[in-house]
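Following this line, the structures themselves.
Heads up, the next two complexes both have chain A, just with different partners, chain B and then chain C.
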Partner chain A sequence: MKRQPLVPLALFAALFFATLFVAPQLLAFDFGLDISDDSALTMESDTSVSQVNRARAWINIPMGKDANLQFSGFYEFKGIFEFSPISADITPARLDIDRAEYSGSMQGVYGPSSILRYSVGRFSLSDFSSRVLSGLSDGARADLVLGNLTWYATAGYRGLLYKGDARSSIDVDDAAIDNDDKAYFGPSRAFLGAGVRLTELLPGQDVGAEFWAQLDLAGSGTATHTAYFEPFIEGRVGRSIRWRAYGIGELGMGDSVFAAMAAGGMLRLSIPEVRNLRLTQSVAWASGKTGGLVAFTPIRQLPVGSASTFTFTDIVYASLDASLSIMPGVSGSAGGGALFRASDNQPSGTALREGSDADYLGAELNARASVRLSSDLSAGASAGLFIPETGSAYPEGTPLRFTASITATFTL
Partner chain B sequence: MRKTIVLALLFAFVPLVSVLAQEASFSEVNGKVEYQTGADSWKPARPGDRVGKGVVISTGFKSTAVLMIDKSSISIKPLTRMTLEDIVKTEGGTQSQLYLLAGRVKADIPPQPGKTTEFKVKSPTATASVRGTGFEFDGVNLIVEHGTVQLMTATGQTRMVGAGEFSYVARGGVVAPPSAVVIASGLDSVVELVVQSVAESLSTVVVVTPPPFRPTSLVTIGVQ
Partner chain C sequence: MNRMAVLFIVGLFAATGLFAQSNEFVDNLLSNPAVSLGQVSYLVLVASDNLGEDADEVRAFELLGNLGWVPSGMELSDTVDLRTYAFMLMRAFGLKGGIMYRFFPGPRYAYRELASLQVIQGKSDPSDPVDGATAVRMLGRVFDVLGVK
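And then the complex of A and B:
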């Protein structure tokens, strides 16, 4: 059993009970409990089953006219079971803070028609593409809205996040923490971000740019700092077509200075009259070690596909998905994608054939359905298949990778 | 003689610059609908009643009214309070502006050949303007049936919302990017519209906080 630190539990308990003493505000507070179960099956060369059961308590307290306090924390039971050989890795109790955010807005801070929005605490934030940083972070964010111009700045620390949520994979220290069963928190890394967005600079089109920096605060091991510049554009053409595109330039400093790049785009056709049909085409590229660049290393590393294990580094991923509302409360989607490596280096996971110069790694298929049985009860199911290319990339006999999961959520 | 010439010149130019105060009239009234002009007491509205600039109109529970301004119609939904702030007819067309204190209105502004019909709905939070447009607005959420509406917040942030699109003013004074929606049920299903709007976004995270589904603050929309 993994060590369960008391810090998150103590923090959550302290914050939760502290809110209970904000008596004058409690007249308008809202609270609830979400119970969810997520069971998943993965079949590749081995078969494994995992189950995550989570009870999440939340409270939302209005603080005056323009501010809000939100807390949520959860208890989680998690088990991963493998069949050959038979083994089980069970985490019977994980308690952590899900969200602890004080947010609000102030009008007229910088001129009579300006609005300043702010958030402090633990909350979700993301860069434009979600390829650099996404998910929960501890820190602060401010947005200054001046007409069609929005400036924003953020700063935070990711070393108090559970390492599985931090998903940091920048240097060897991150890998060491990830493999350390006694480590609960992610690597000690801070970040800064700033950006600007011009709303409808051109008819129906927003443009902007973001700058992000990641600072390695670990006192030992390799210190790797990274910075990212991310210009973007998004908009719509007519009523039915939405699109977005971004580019990311990364500069880093570890043992030496390095550079990497990434880019991507999405195009969506929406026909709400046909059962809310949405067709989405997307493509994303993250550099590998080639042509003076190194493999792209975001602050938070996420998978690119649905069934394969590739992450957003040294990869090209193109996909097409269709989603629709089958009937009221029931929606479904299906799609597929193709994966390519962006350099001649070995991709993560199963090794390619020796000397293979193939770029095409394989294809993915996926399908999912969700049903909202009532306002308090919803369920979903999904399945994915990765078909490795065994003609010239992977060795013959490389197994398919199949994943399936069912999820149910009940809100009290 | 000089006075006569001046007067003659004035009369000669009057038709070119005439600005006439226009009146609106109730074409339909259902339930409890009242209006107040100046310091007068509230009067029950009846079909055919004519009202002018400055009138405050209020509808009760399950009560509706249709107000005609020239060829434009404004359907006033239940539990609405609005002020007709401006209503002017010029040679170029009609300009109207109303202030929505609470509730919801649905406007149909048909285009008129050779004339410009400008229609604005205002609130402290935003402004929208239309020409040749049909739309429904509750102070926060906007759905456009035909034409194009400019939705503008008090901070000056604007987005053009086209036919068959839905948008809203989020908390913090940001206009959500318009999304294509089925408009058949109008703002009666505003929760579903917001869910659709969020799902339509290409962003994996919600960049604009959804609004309270019913107006808690006032927004101005204008029609161009």
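And then the complex of A and C:
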């Protein structure tokens, strides 16, 4: 009797492996299974350990010469364990769609040198800087390339994404959804985007501008709509130096009309002859509530560093990173940065000293290494340290925040 | 890589004595949008020193069968897809492959191994037919991976 449950499992396994090894030889598609583990340690005033194990099944079907259908979904186990007091927050099974994208291209639709590229479904989408929108979205995108001019337009909906992936933090309704343990999906928000890029306006230099709009479709609470204008420029100087800069103006309408801004830039020196050495200097600023502006609120909120908890709002972050290929299949990077608040308001996380007028919040150090053990097995490790400034910003005794993680991925 | 670069690779190998395909064979190969099993048999077996350059495609296909590398049901004139060509390259040059390839050696994991090694570059599908220029380029990259001068 005890063996009976193994029968369907064995049948499933036999069917899976038979399909895995036989079907791709017969049919024009490829598919597989990626198994990954991400274990992380966080030490601040308390210590916690988290583990995320994911099995991701994917299929890739060519649809003629110039189109492709990709679909992937995953099962995920997630556990967060804390030690003082001892507690565990376990999500034993999460099933979701990772990617469902039909993409393709057409040549000569608007003249002999034109190319139309399109994507429909759930796919990765971001603005130029990835500071307004990034990650997966449900929607459609079209790019029309006319010589050195590229026009693009997109529209989509983010209310069917898992709230942890949507990372929407625009108004108090979003915070309520984020804190609601029963809520799975992110806030009901749609977006529109359009942009233009002029390639090689000057030798080696591209310029462009994007417009993004976010529409709050939630039936209750405060409806907060936002719009973003993002001009950008990027280019290269010689073979070794690349640079980019952008600015973002945000205009919003909720209980009242508000405005916010952000900007950033990056300068990278690459020396391929020295183990692919790359030195990257970057700086990013997101407005806080000061001087007629409010805190910048992107469509998808991302952290700015690796060890601190700050996000891209009311912040200035300057960093310097170095990366190199240590040996074939092994790469590493290390860097550090300084964090400042952009207004006199309290930053997220630990409160500053009462009456503190310090802007400097602290420094970050980070290091990571990755190794490709074989074509189907890779591993990585990373560590980060946030050192709060306790001279005039944070109270004395504010603990350091240390994070470390190891990851491994095996592809079947 | 353009046609001149491909010709350069072929010329380089010929000059270094790694293989010296006949001009006729190379011309036919490079102009072919979908190479046959016979053509890649000759190309791979001669390049890997499993066959003398004075042999022909029929002899190469025969040897491929003797080595047990002919995919089930395929004939001399059948076109070759990327995963099958990748498997032939892996076998002929003794490339080790990843964990799954070692347990289940076959076209599926050979394709992934060569994609991982950048022997297969750009957007491709395992079932895509192989054109002559691509076949030569991939062969050149296998020599790069092996460190053949």
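By definition in this document, the second predicted complex is superposed on the first by the 386 of 412 C-alpha atoms of A that agree within 3 Å, B and C clash if a C-alpha of one lies under 4 Å from a C-alpha of the other, contacts with A are read in each partner's own complex, and residues count from 1 in each chain.
One rule holds in what follows: a contact is a pair of C-beta atoms (placed from the backbone, for glycine too) under 8 Å apart; a residue touches a chain by one contact, two chains touch by 3 or more.
Given the structure is predicted, the values throughout are model-derived calculations rather than measurements.
Of the two partner chains placed around the shared chain by superposition, neither chain B nor chain C is touched by A:256.
Of the two partner chains, neither chain B nor chain C is touched by A:84. By the touch criterion stated above, A:179 is placed in contact with neither chain B nor chain C.
Of the two partner chains placed around the shared chain by superposition, chain B is the only one that A:113 touches, whereas chain C remains out of contact.
Applying the stated contact rule after C-alpha superposition, one finds that A:266 touches chain B and leaves chain C untouched.
Taking chain B and chain C in turn and counting the residues of chain A each one touches, the greater count comes from B.
In the superposed model, A:60 makes contact with chain C only, not with chain B.
When both complexes are overlaid on chain A, the residue A:126 reaches chain B alone and has no touch with chain C. In the superposition on chain A, contact of A:200 is made with chain B only, not with chain C. Under the contact criterion defined above, no residue of chain A touches both chain B in one complex and chain C in the other.
Listing the residues of chain C that touch chain A in their complex gives 83, 97-101, 104, 106-109, 111-113, 115-117, 125-128. Of all the residues in chain B, the ones that touch chain A in their complex are 154-160, 162-165, 171-175, 177-182, 196, 199-205. If you check the complex, the residues on chain A that touch chain B are 105, 107, 113-115, 117, 124-126, 128, 130, 134, 143, 145-148, 150, 199-200, 203-204, 206, 234, 236, 238-240, 242-244, 266, 268, 270-273, 276, 278, 280. Across the interface of their complex, chain C is touched by residues 21, 24-25, 27-30, 60, 62, 68, 372, 374-377, 410-412 of chain A.
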